[in-house]
Amino acid sequence: MNIIYFVAQQTMFFAIPLLIVALGGMFSERSGIINIALEGIMVIGAFAGIAFINVTQNSMSGQVLLLLAVLVAGISGGIFSLFHAFASIKLKADQTISGTALNMFAPAFAIFVARMVQGVQQVQFTDTFHISKVPFLGDIPVIGPILFQNSYITTYVGLLIALLSWLIINHTKFGLRLRSCGEHPQAADSVGINVYKIRYAGVFISGILGGIGGLAFVVPTSTNFNATVAGYGFLALAVLIFGQWRTKRIFFSAFFFGIMKTFASAYSGIPVLKDLPISNEIYKMIPYIATLIVLTFSSKNSQAPRAEGIPYDKGSR
Amino acid sequence: MEYVIEMNNITKIFGNFKALDDVTFKVRKGEVHALLGENGAGKSTLMSVLFGLYQAEKGEIYINGKSVQINNPNDANNLNIGMVHQHFKLVHNFTVLESIILGRETVKNGLLKKDDARKKVMELSERYKLKIDPDALISDITVGMQQRVEILKMLYCDNDILIFDEPTAVLTPQEIEELMKIMKYLVSEGKSIIFISHKLNEIKEVADRCTVLRKGKCIGTVDVSTTTKEQMSEMMVGRKINFNIEKKDIKTGNAVLEVKNLTIKAKNSKKNVVNDVSFEVRKGEILCIAGIDGNGQSELVYGIAGLLPINDGKIVLNGKDITKESIRKRCLSGMAHIPEDRHKDGLVLDFDLQQNAVLQTYYEPRFQNHGLIKFNAVKEYAKKLIKQYDIRSPREEDSIVRNMSGGNQQKLIIARELDRDPEIVLAVQPTRGLDVGATEYIHKQLIAQRDEQKAVLLLSLELDEVMNVSDRILVIYEGEIVGELNPKEITVKELGLYMAGSKRGVNYEKKS
Amino acid sequence: TTEKPKEDTNKESSSGETPDKSKEEAPAEGIELALITDVGTIDDKSFNQGAWEGVEAYAKEFGKTYKYYKPTEKSDSAYINSIELAVKAGAKVIVCPGFLFEVPIHTVQTQYPDVNFIILDGAPHPDGDYTPDIADNTYSIFYAEEEAGFLAGYSIVKEGYTKLGFMGGMAVPAVVRFGYGFVQGADYAAKELGLTEDVQVKYTYVGNFDATPENQAKASAWYNEGTEVIFACGGAVGNSVMKAAEAAGNKVIGVDVDQSGESETVITSSMKNLAKSVYDALTAYYANEFPGGTSVSLDATVEGVQLPMETSRFEKFTQADYDAIYGKVESKEVEILNDADVVEKSGKAAEEVTAADIPVEQVKVEVIK
Amino acid sequence: MKKNHNILELKGASSFFAALMAIVAGLLFGLVILLLSNAKEAFPAFLTILVGGFSAGARGIGQVIYYATPIIMTGLSVGFAFKTGLFNIGASGQFTCGAFIAIYIGIKWTFLPPEIHWLVALIGAMIAGAIWGSGPGLLKAFFNVNEVITSIMMNYIGMYLVNMTIVRTVYDALKNQSKSVAKSAVLPKAGLDKLFNTNNLNIGIIIAILSVIVIYIILQKTTFGYELKACGSNKNASKYAGINEKKSIVLSMVIAGALSGLGGGLLYLSGSGKYLQVLDILAPEGFNGISVALLGMSHPIGILFSGLFIAHLTVGGFNIQLYDFVPEVIDMIVAVIIYCGAFALLFKHLIIKFTSKPSLDSDINNKKENEKLKENINKLVITEETENLDNQKKDNKEEL
């Protein structure tokens, strides 16, 4: 039982950042803008969030601090993403251009600023927000240990974001409009929807979530931030595509990937897996191979937003 | 005289091209006002100005006598102007209901109030006899139903100036008839309608007055009841159009294409979209397959052309079994195909004209040498086609095809396919959306082909075309051939009955 | 804006290291002391940083100009380019931390006979031929990491832990020596304590020197399974392990430098005295006693290895205990096998030898591939 | 027809100017960053960046060429795939696989005659890259799997697989990296090393330039390239035209993979003392290839120059360490340059707009015809309307 709880808890650390960032990508792509800048946005979000914690941790601590850091990460990710929005919406540039540029810029910027300010490129933080057990909820049998022990508040932020994303995309005016812009912007325009504004909003939200995801990635897995999120932005992109751009499927893909990753890295602590005659590297490859296999059998009908990647030009038809 | 719309001296410039040049256009309250003009004359542009999609460089607009500024579709909406666009503006994975409320959503606690909307939509649907299923996905419904959705979109926000931009180009005869009725009903309720169409019959039927545009200029407005079709078309193209296609009688020869017991299964179900179809096309004839859209005719042609795998049956071209041949081999054996969807299948829109001109022949020795393209040969060939088939485009053979008008795109395809000197041409809706001039031209080309003892398999939804161009008609209904008719011996009405499935030919009793 | 960096150094946030800030007075004749960074960055809180601290300490104390250079990529030629850049800037002594410099230094030591090189963890040799070839202007320093590892293993078992883990970055010689020493130290303590049950050591190399969620997960899994202390022996891998330890309430042993400041969970650090050795070498240079042409292995006898007892968070293991065992190590009273010794003893081919081949009695090593 | 010629020339020129503008903007941004971080040394450092590879004479140029070679190859790989409608984000994995096979053959196949040893190794690298590239191609063609996601997955799988295989085959346990390759597998220098006075220069750059030319010819001059581009642009139309669109997709990815793989071979056989590390890190050359391709506007020749340019900046950025700056400044500058590529497109459109000849108005020819027609029509048109129209016009004039 203990081991199952452990796997569940550990899975959260992998799955939640992927979930948040992939959902961010969803908002951008369903508004019609491909966002390969997720990696860079995560870096910026994590950098700003951790830097915030670093600076304020002497006067604050615990959940309040982390939540404020989440806010800071979100806002900075959002602002950073506006560069992508500007280039791909206003300038109608190829959307891989600014995405690539942002991915390149972010880590260099993080290192540069960290060195300018403190001389060292790692930004250190003290973990005062680890939750070993949520009061009351943590004692619920089964659910308690899985969800409410050994966790971070970012986990709940992530789950909340998933719920809200589903609600917003499927059941609100904004969601309906956002989707129409990603599928058929001319149709949206013809009923008086400002496609540009909606797309800006979509990219901005992706920036916010990307930033939060970056922080949620670093906090449970390291004691400092060193200008990298280890390719998780690209993995989030993969989760997004794997999840067919739909909230629920993204949720499951993120957890599928999270579980695979957990098995791959923690197999040496899991009884059954440990004894299998499979080497370290094979375990590391398994999540990626599994994803490939699943994709092979599930991609016949891709549901990519139809207008994704195409700059919207009011004049053109 | 009271005008609901007055557009005065409108000028619209794209880049350095005057799409509308000092156009004045007025619509009376409660009339159906037709707008007529060649492809690219500026009809859609004029309507887009009225609807706020484009802003005119010059000119003014009065609605109900008041001067207005229409900067975006919202403004148009507030002035109760609605528009059904030439290319439907519907999101493929939205439900009908979502499509209708898009842009006019009502919310409660931040969430969509779909129930109220549903009630209102169903009321409208009942009142105007526009049958729809509010929960169906747009991609799952027929074009006719999509059109109804577009109309409901307009009615949903209580518009009383309704613009229909070429609404009939994609409809079946039955649906067109239905639409005409609806338009008449709407006008009787006091709404005003602008109706764009290339089909003069339709204009004659519903319109009160008609304004003719030509190359961005307003030629004039006429009373439809006192003007003949010929006069209108002359205003439009600047020359006389011959509506009666001249066809000399010729002898048909051997079968070029034989289709035997062809069966094609639907993608996601066990149903056969094409069910045991057999026929042959002979030298020197235009065989037309008539039917209402969605009865398997598209799949049939796709199957013959090799673009869709077939489940059963045999295709023989000039005595050679080509059932298993690749698309390239079929082309080489003399099959040409004018596809239904020119943008999807017929052209590489981002290539230029010359590159598209050799799309089917680039590998022939005259265009390549050891795999290297002979650019000069390609260019000369494109120039030849441009001249011979009168293809007009901004930059001749260097034009990017995306920037060419639909009519000229179609001409390019036809030039490319016919110039290969094929044994048989599969022509699928070759004149869809084209003006009378271009239509006439294409018909002439097809007939010339037949006169040269070549075969043509024509697929058309337009009854006029079917009756005028073809030598023999096969009617397809639910994937089966239900009758063989001679266009000289039947009436349009009869043909319609066959197509609707309520009548079957002698040899075509239902098997099951 | 020019003065900005200065005030920021007061921030208590980081370790307070201000590596490249002292050159405002960069004189015309150039920057005398140079360090080329290895795989990591200068502030990796580990290997590079240890070396850098030595350079910095000496330079500050004696007013020398100093600077570090980062190669564009990991290749011999890029390292050589960096060294050339340093020479161009006027370097007299160039410190090169890491065995990756072995081949590059072999080239440059003859190319620049007037420049002196200090190589840590390696000795120059030609490409493809591992016989050391040390010129008179090069000083090669090795460390007896097995002794440092031994001290760590010994202390931790003495402290009362019996479920241990070793997470190396990659199986490079220095890391291997740390690990082998660690196992032997644990064994020695177990025997000394007369434990009835075996000490368990989980042993692995994670495949990188980075803080990654995968490393954190791996460490978490071990802790979850009962491991009490993990010796994190691979630069930033430690940050992931510390994170896991924080969540699980377990302990970590740091490596190379005193890592106690990184996390409350760091119980001690298995140090090699990088800073001191570099400092000493520089002192020798300026005293015209540069030990060029030689290679040394710094061990306990010259304080080449140690545990930082002042900052360690031991409860049972005392300074006296430490001094006692240190004495034994220093006097070679205990025999500690290094990587080569283990290979020799096992009689297997070098590639097949693993930590399981270390001859121990009361330690059960579980090698995880 | 002269007219068209002008427009074409203009297009090339404006692309060039657009790229130039992006570069200037990026460099200015870099200057601002330098000024902000250390104003005193900003200008000399900036100069160092500009001078880049030229600072150290022929040797510096040699360095630039060395850095440029692999990223030209990956850039070509990404750019080629772009042109055929695919986003090859998997250049990294293909590069790694190519590199591995190159060093594997370089180490193990010493039985080969020395004259062809390196050549065989390079061919092996190409094949390995091609195989790795074919994966996403096959999945895309036959299972409709998005190539972006499969490429990302293949990157990781390739990296782990290579790590695993190195350890089992060509491992230098002392250094945790691959062993060094046999001398005969190192690329011939062909005198370039003497010319540029640097050891690691060899025929690699010549092979890269040849690849540029070959890809240019394939894309621009051959029917094969025509087919690939057609498929990239419109899959359905290609199928309709009898082109085997599945084959085209797979071939595109195979070629892209081969280019990346060859890049890996060129770098690791260059004799610069580069070894494959057993590290869980994706090869950065693959991602740099995206930048190179974008800056080169996916055009083979453009990619050649953008690769050289980025290498030039890399060397310059390395040299600014002589002053008080972190080399990451260069990454920021390159990022801004690429970003400004977006502005550049806008700029390009503007150039074309302002310089192209006004209106090819078709109306002019038809004027006479028009007037004749009007007479005929006037009979039909309701007079009331025309009067109104005329009045209106008069009114307008008076107002003016």
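Each chain carries a letter (A, B, C and D) given by its place in the written order, and its residues are counted from 1.
Everything that follows uses one rule, which is that a residue touches a chain if its C-beta (ideal position, glycine included) is under 8 Å from a C-beta of that chain, and two chains touch if they have at least 3 such contacts.
Keep in mind that this is a model prediction, so the values were computed, not measured.
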item	value
Chain pair showing more contacts of the two, A-D and C-D	A-D
Chain centre separation (subunit A, subunit D; CA means) in Å	28
Whole-Å gap between the CA centroids of subunit C and subunit D	41
Distance between chain centroids, defined by C-alpha means - subunit B, subunit C (Å)	76
Centroid distance [mean C-alpha coordinates] between subunit C and subunit A, Å	35
Residue list for subunit A, restricted to those that touch at least two other chains	115-116, 279, 281, 284
Junction residues of subunit C - those touching two or more other chains	20-21, 207, 210, 212, 214
In subunit D, residues with contacts to at least two other chains	37, 163, 280, 326
Chain pairs in mutual contact under the definition given at the outset	A-B, A-C, A-D, B-D, C-D
For the subunit A and subunit B complex, residues of the former touching the latter	167, 171-173, 176-177, 179-180, 183-184, 186-194, 303, 306, 314-315, 317
Complex contact set, residues of subunit A against subunit D	36, 83, 87-88, 91-94, 96-98, 100-105, 107-109, 111-112, 115-116, 231, 234-235, 237-238, 241-242, 279, 281-282, 284-285, 288-289, 291-292, 295-297, 299-302, 304
Subunit B contact footprint on subunit D (complex, rising order)	4, 7-8, 217, 221-224, 226, 229-230, 233-234, 236-244, 353, 358-363, 366, 369-370, 373-374, 376-378, 380-382, 384-386, 388-389, 392-393, 396
Footprint of subunit C on subunit D - complex, ascending	35-40, 63, 66-67, 163, 171, 173-176, 179-180, 199-200, 272-275, 277-281, 314-315, 318-319, 321-322, 324, 326-327
List of subunit B residues in touch with subunit D within their complex	1, 8-9, 15-18, 24, 26, 212, 214-217, 219-223, 227, 231, 234-235, 238, 305, 307, 326-331, 337, 339, 344-351, 355, 359-360, 362-363, 367-368, 371-373, 392, 394-396, 398
